[in-house]
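These notes are about the structure you will find just below.
Labels for the chains are A, B, C, D and E, by order of writing; each one numbers its residues from 1.
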Amino acid sequence: MVLDWLLGMIVLLVKLGLILGALLFGAAYLVWAERKFLARLQIRLGPNRAGKFGLLQPIADAMKMLTKEDLVPDGADTFVFKLAPVVVAVTAMLMFAVVPVAPDLVLFGRSIPMVIADLNVGLLFIFALSSLGVYGVALGGWASNSKFALLGGIRGAAQMISYELALGLSLVPVVMLAGSMSLTEIVAAQERVPFIILQPISFAIFVISAMAESKRIPFDLPEAENELGAGFHTEYSGMRFGLFFIGEYVHIQVLGALTAVFFLGGWRGPLLPPVIWLVLKIIFVALIMIWIRGTLPRLRYDQLMALGWKVLIPAALVNIVLTGVLILLV
Amino acid sequence: MTQDPSQLKGKSLPPPRETSGAEALKALVTGFATTLKHLGRRPITEQYPEEKRELPARSRARIILTRDPDGAERCVACYLCSAVCPVSCISMQSIEGQGGRRMAAWFRINFGRCIYCGLCEEACPTSAIQLTPDYEHCQRAILKSVYEKEDLLVDHCGKDPDYNFYRHAGVATEGLDKGRHEKEAPPVNVRSNMP
Amino acid sequence: MPTLTIDNRPVTVPDGTKVITAAEQLGIMIPRFCYHPALGSVGACRVCAVGFKEGPIKGVEMSCMVDAQEGMVVATDDPDAVDLRKHVIELLMLHHPHDCPVCDEGGHCLLQDMTISGGHGRRRYAGAKRTHLDQDLGPLVQHEMNRCIQCYRCSRFYQQFCGYRDLGVTGIGTRVYFGRSEPGTLESPFSGNLTDICPTGVYTDKPSRFYGRRWDYERAPSVCIHCSLGCSLTVSARYRKAVRHEARFNAQVNGHFICDRGRYAYAYASQPERPRDALIAGRPATLAQAATQMSERLAAIEKGTGPDGIALMGSARSSLETQALLARLHSEKGWRTPCFSADDAATRVVSSALNTLNATNTIALTEIEGADTVLLVGADPIGEAPMLALALRQAQRDGSRIITVDPRPVTLPCAHDHIAVSGDDLATAVAHLIIGALEPSREIALDADQQDRFKTLKQETRDIPAAAELRAIGHALTTAWRPAFVCGTTVPDPDVPPLMGLLQALVQTSCMWSGLFFPLPGANTFGAHCLGGSDALFEPLLAAVEAGQVKALVVVENDLFSEYPDQQRLAAALESLELLVVMDCVPSAITARADIFLPTQTIYEAGGHYLNNEGRLQVATPVIAGGLSIMDTGGGNHPPREFREDIPGGTPRPAWQYVAGLATGETDPPDVKPLLDEALTAGVADGERVSLPSASREWPSIERIGAGPEGDAGGLTLIESAATFGSEPLAAFSTVLAELTPLFGVTVHSETAQRLGWRAGDRIVIPDSAPALEVVVTLDDRAAPGVLLVPRRIGIDRTALRRYMAHLLAE
Amino acid sequence: MYPQVLFQHRKPDRINTFAEYREQGGYSALSDVIAGADPAAVIATIDDAQLLGRGGAGFPAGRKLMTVAQDAPHPRYLICNADEMEPGTFKDRVLLHADPHLLIEGMAIVAYTVRARHGIIFIRPEYENAARILEREIRLAREAGFLGEKIHDSDFSFEIVVHRSGGRYICGEVTALISALEGCRPNPRKAPPYPTDKGLWQQPTVLNNVETLAYVPLIVRHGAQWFRDLALTESAAGTKLFSISGHVNKPGCYEVPLGVPLSEMIENCCGGMRDGRPFKGCLPGGASTGFLSAEHYHIPMDYESLKAVGNRLGTGAVMVFDDTTCMVAATLNLTNFFARESCGWCTPCREGFPYLKDLLYRLENGMADGDWIGQVETLCGHLYKAYCAFAPGGVAPIESLLANFGEEVQAHIDLGGCPMQRQ
Amino acid sequence: MLRPRGAFFERTIEPLELHVSEALIEKLKNEIAAVEHPRELAVDVMMALQDHHGYLSDAARDQAAELLGMSALEVDELATFYTFIFREPVGRYVIHVCDSLICWMAGEENIVDHLRQQLQIDFGQTTADGLFTLLPVCCIGYCDRAPAILVNRRVHGPLTNSRLDELLQKYRAEAAEKPGSNV
């Protein structure tokens, strides 16, 4: 038993290490990819000085951020100020814990689930964490003792509340179809047809809400450079700023993974190994988000709110009813 | 005929145009298509240290002090550039130079402060101070950015090849007495017998 | 008192006020070139045109030429008037050169302002520009005739206002030329005002030529400390260097102008020789070291000899702050009473003069302009207080009679009657004036006692050659409506001021208005007097030093050698001191002898309060923080290229700070007003006069008047009197003024010269003088016989001069 | 032809001598006046005669004498302005060469009315002959007891001196003339105070033209009504000396009653236009009056009629032009005169006339640009705001050039030069 | 320091050597003493001195100033104002040509051209032999005799080229006859 437990621990630690490493590496190169891809959308070159094609740029950036002075503004709430970026980064990473990256692996007769924690309430776990993540933004903005940061934080919180609902509601049909809140189960439920086919409206609402959750253009009002400096992280420098950065890009990966899990059949795919399929799907979603960033302008605040409350939530509710009716009928 | 009171207040803005769903979708698609098309184009970026572009003559970068067509310093140290400089990066001291010319004893521009706005060039009444397209003059030591007159002086006329302030000024300087400037009559002789 | 409407705002002005002045009262500045409040209106420039809408005059007229009348409605923005002004400016600019960048007036040029505000930008006239040749007008004023807009301000100021006749307007029409007949130094000691008064850059300030622009200058209101009148100045400084004085309007004191001594005296503050570091026994030390050593050694001496062993020496050029703290040092520590001048003769006269002043008989400088008779006794305005001469000129232009009674050949820029009376006879002369005032008319009622005294006065008063003339003048004074009495305080003896006071008091009963005016020897002599310093004489102090009773002497901003006549005795006495502490901002004979020297700040750095000759409290605001000018610190063609924490040469502190350090350890300047309140009866505000005792009508003692001069009647007297340039200790450091200072010479009456065997132009080498002294003889029959007149000059060997005089007398 | 008053005894080559003048009844008026006439009555007569100042301004001479207050301080001065420098004017010279005693007697009478002690004749240096004549005749008059201390044993003393000017047009201006007499720069001064209050040496001063003063003895002798009747028109009074010059056959100075038409004057006195060419225009009263054009050829020459057409009689110097004259060139010549003689006191005059001269020169030589007329009009308008009357007088020809000869100006602009020279 | 430049400051002025007779000075002094305000005789004194020197030299100006109790500048202020006071040297005969309207209409330009040709000088200049100075002048009040000129303030007119030649001839002869004097 003890051996079992030990073995389980070892497997868990290995999985944790792999996932964490992949996420961080992914975040770093997602930044690179975003800059590169965005640059091409804008007929530019993008980073190309650090290493071939600027491939060492993430490392240079990391070194820069690690070595930069860590400033805490006068009058800031030091503890909260220091805590906020950690909250953002950690919650984003934690969300990946329930994402199945592959079917269970059978090794030496043991079945090892390719998920860190196959919670039966995985979906709720994700919602919980993503709600927690906004604390980082709101607290960071408040603790900075800066008008810009505070405004950014408030906007972040308001935006989060507005889109949380739509996000959750958009996934209700998925749960209804899968009959489970476990992500593994949801993936399993898409064995035949990915839910994107069954639930295109849900998919659309989910993707839009997810982008708003991750505060990306066109929903980047908490940052809104030309209005608020840099919004909630105006006062952050060095690695604390880096943590916000990592949080954001991990969040993108998580969202990509969740999109894959909920609508694109998770790790499922022909020919290639399941993990690769998942990664490809994540990359696909990320690229779509970058493309959107490169194309759309930022919404006005009232437009943002109107979209959330007047369009997405009603649409999601209607979608739930429709799905329910369809399920009953079929 | 009664008038609509709202009209009396003046012209109100037209109501915002309603956008139909189709139009919105079309606009979205066009946008995405545009960016997508860009993806295939060759980047227009120029690689700075390897590729250096010749800047237009009117670009505003490093400041010089030019000379007049006769080769003398144009700057008369009138303090107008230092007065107009929004960041106070110009300072100087004027003295009486050779032949009664007013000139700068020293003239200093702190390029650490300069924002290359070009107001000094606009204010200069003698075309002495000019901004050039030469933008490569970064310094590692901050004090090296403080340029003195000898660093600023060049031996050409810059953008204005003809102007010579002292040929118009009407003040007597060595070699150019009163009445010999451009568009000037010979000095009045108050003792003249002419009526 | 007509009421008129200007730009829809009503204003009520006195009769005879011009519309341009009325508008000024509303804060509306109508453009002007030729009009100047001091010079009046002549209507030459035609740029002050305004539209008259209602009232006795209609249409566009010159606001400087029209008297304000009841019911006038004036529009300064009348389109026709604006158009006329615009075109007048265009006409003025037809020939104006293109030299604003190199013109020193640029930045504070009225023409520039008007041209820009008038909207004139391009010359339409296609002809050639008129040019003029310039003249060298001496070291003070730069001439650039091309810029002239023919407003005639300079010639009107120079000839009519100042009364000098070597600058004016020649030529006709477009040829008119403002200048001298030949190039040469301007004769007027008020020539610097041309630079203020010229609305453009024809006359610019030569010493500060090209130095900077008005907008770059640090400027602050200040007070002139180069004579006792205390004219108001605006000081301009740049790069930690005071570079220009300009007149600041002061309706009570100087009006719009100042004299050249005051205008160009600032060089002492930035001279290279200025001591900027503390010295202990001649070797540089830090300020802290020197101050500590000073207090330690003073304490030690005090322990040895008691407080009487320490003497304090102040000065008439120090601010009230310094003087007040010296007085407090005396009252708190018991050290000897501070003495503020080493010239006891003058101190006695000043003391008696200021005791004569009271609340009703003191008049301000500008009030003299309104006098109809001015009597000057023993006063030479051009040398002692130049702006007084200008005030006299204004009085004389209004028809006033000016009478000078003096041993010196007083010259004024206006017509005046001069009565030469030898120095010792001045009191007698005033007695004759009093007799004249009382005797023939009996317009002044005397009681029995006064009758007796008057009889005694008449009997006792000695006859002098000009007696009859003086009595006639005395009588004429009783018929004057507004007589002013000016009495010098360096040449007369102490009896003269009270007698002048008596004369004034007598005349007062028969006239509308009268007053006394005493030019004093120093800028703050009045302050020293108020703070109790004018009773302390230097002679007893010197005797105490020689006797060894005084071991330590603290000298604050005073060069004793320039004040005390016997320089050798003074040197020997100072030698015998245990400790000589000197605080000063300029080098002098005494700074070199100091055991401990502390550098002080000048008025530009420290500011301070000053009481002028009529007791008016005035404030000088600091202009610069101190330190060597950037120009002097870099060396070569650049200001320094490295940063430093401290200001080079910024060691000096205000003199009062050192004194405060000895007294109380205060670090803020003392508030001088309570101190003055203490010394006087009631409070005083800035720009106001100190309260003086109310009038008394005591007849002064007349014994000495009858006694006549003490010395041999046929003897010679030496009078050292202030000259415009070269006499004032601070202004004497100005190199530009040094150029204007004439050769050192002696002026005598031709009879006296004959007696001595001198001829005009003779050069007398004074034996045993160091530095060698050569005196040029000038003859002037307006001087009193028997008087040898030399200008007071800093740095000459006065001992040798006096010795030579004694030798002449002995022969 | 016309009644001759001032020129009644004009001789071809010499003056009317003192003896002759006495014979003709000269100095009787003075004697009568001194013998007991009330000064106020004499002034009233002069006023009644409606004698207007003949120096150009046309101010009523009687009214001027009345402004000298009874209690005005002494000494008082009487100045005769013989500084006749208006271009085209030479009547005073002719008068002084014809009958100087009229002036001397007139001055004495006027001096008597205002109790002036000193008389000064301010004469231009070009009239040296006239000055010498005057000095000689004054001496004769003095010797005969008509001048000097206690004239005719009355308490009236009067002395006349002749003061020669240094020669400048502006010296003819009243206040400038006073400045010149005081030995100051002859810049005009602003009235008030008027010279009759504070004139020469700040004393009451009466200043009149030679011709005006010369009428006085005749008015006193013959009465005001006689004088008024001399004129042809109702509003005018007396005769006037006209200096007629230019393109006429016999230029000269003629005494003509006021109100005689211009055409008549030219035809009758001057023998018509030179070479019989047509009349193109004239200046009716010297350089500081406007041009009259051919349509005014028959205008009555008196103060009121000329005023009615916006012109002035001025000094009565009629300068006649025939059709060969370029009016622009003529105006240029006049403007050159004003530019040269401006005293340099005020801006518009000092700078404006050279500017106008430059503009006219450009017009005449084909360098005028588009806005020439506008530029000249604004400048002329502003010259009215100059310090003294010099500038308004100087712009009169230019303004009338634009008004009366606008076509010729336009032709200059259009042709790029003077059309006369091209012919 | 800027030095004054140019002709009229640098021109060497002849030394103070006045050839004015004692008698004249005495006469002027008496005249000045007889009047209340010496200034009023300024023009007369300047004219008198000028008549002796031909022009008002600096020395003469200084002497006038001394006589009148004025400063040299004050005399200059007046001297430079008036047309008939010459502050610059002139020839023995000063020819003033009237260039005002009537004389101009009557052919002043021809007269001037002729004089220029005959004398080889322009306005403001003096002939090499020091005899004639040619100056323009505004209307001299001899419009009935236009074109007119003044020669030493004596009027001649109306003029034709031949009359002009005669005049010049006359003055040349006079100068040859009585050298040295122009009074």
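Just so we're on the same page, a contact is a pair of C-beta atoms (placed from the backbone, for glycine too) under 8 Å apart; a residue touches a chain by one contact, two chains touch by 3 or more.
Please read all numbers here as calculations on a predicted model, not as lab measurements.
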Given chain A and chain C, the chains that contact each of them: B
Which of D-E and C-D has more C-beta pairs touching across its chains: D-E
Chain at maximum distance from chain C, centres defined as averaged CA atoms: A
Geometric centre: closest chain by C-alpha means: C
Distance from chain E to chain A - Cα centre to Cα centre, in angstrom: 107
Centroid spacing, where centroids are CA-atom means, of chain C and chain D in whole angstrom: 55
For chain B paired with chain C, centre-to-centre distance based on mean C-alpha positions, whole Å: 49
Chain D residues counted as touching two or more neighbouring chains: 168, 185, 340-341, 343
Shared-contact residues (touching 2 or more other chains) in chain E: 2, 5-6, 8, 70, 77, 80-81, 83, 138
Per-residue multi-chain contacts in chain C, two or more chains: 127, 133-134, 169-172, 174-177
Pairwise chain contacts, counting only pairs that touch as defined: A-B, B-C, B-E, C-D, C-E, D-E
Residues of chain E that touch chain D when the two form their complex: 36-44, 46-47, 68, 70, 77-78, 81-85, 99-102, 104-105, 138-144, 146, 150, 153-155
Residue ranges of chain E touching chain C (in the complex, touch as defined): 1-6, 8-9, 58, 61, 70-77, 79-81
Residues of chain B touching chain C in the complex: 76-80, 82-83, 91, 93-96, 101-102, 105-106, 108, 125-126, 143, 146, 148-149, 165, 168-172, 178-179, 181, 183-192
In the complex, chain E residues that touch chain B: 2, 5-8, 55, 80, 83, 86-88, 90, 123-124, 133, 135-138
Touching residues (chain side chain B, partner chain E) in the complex: 100, 172, 177-179, 187, 189-195
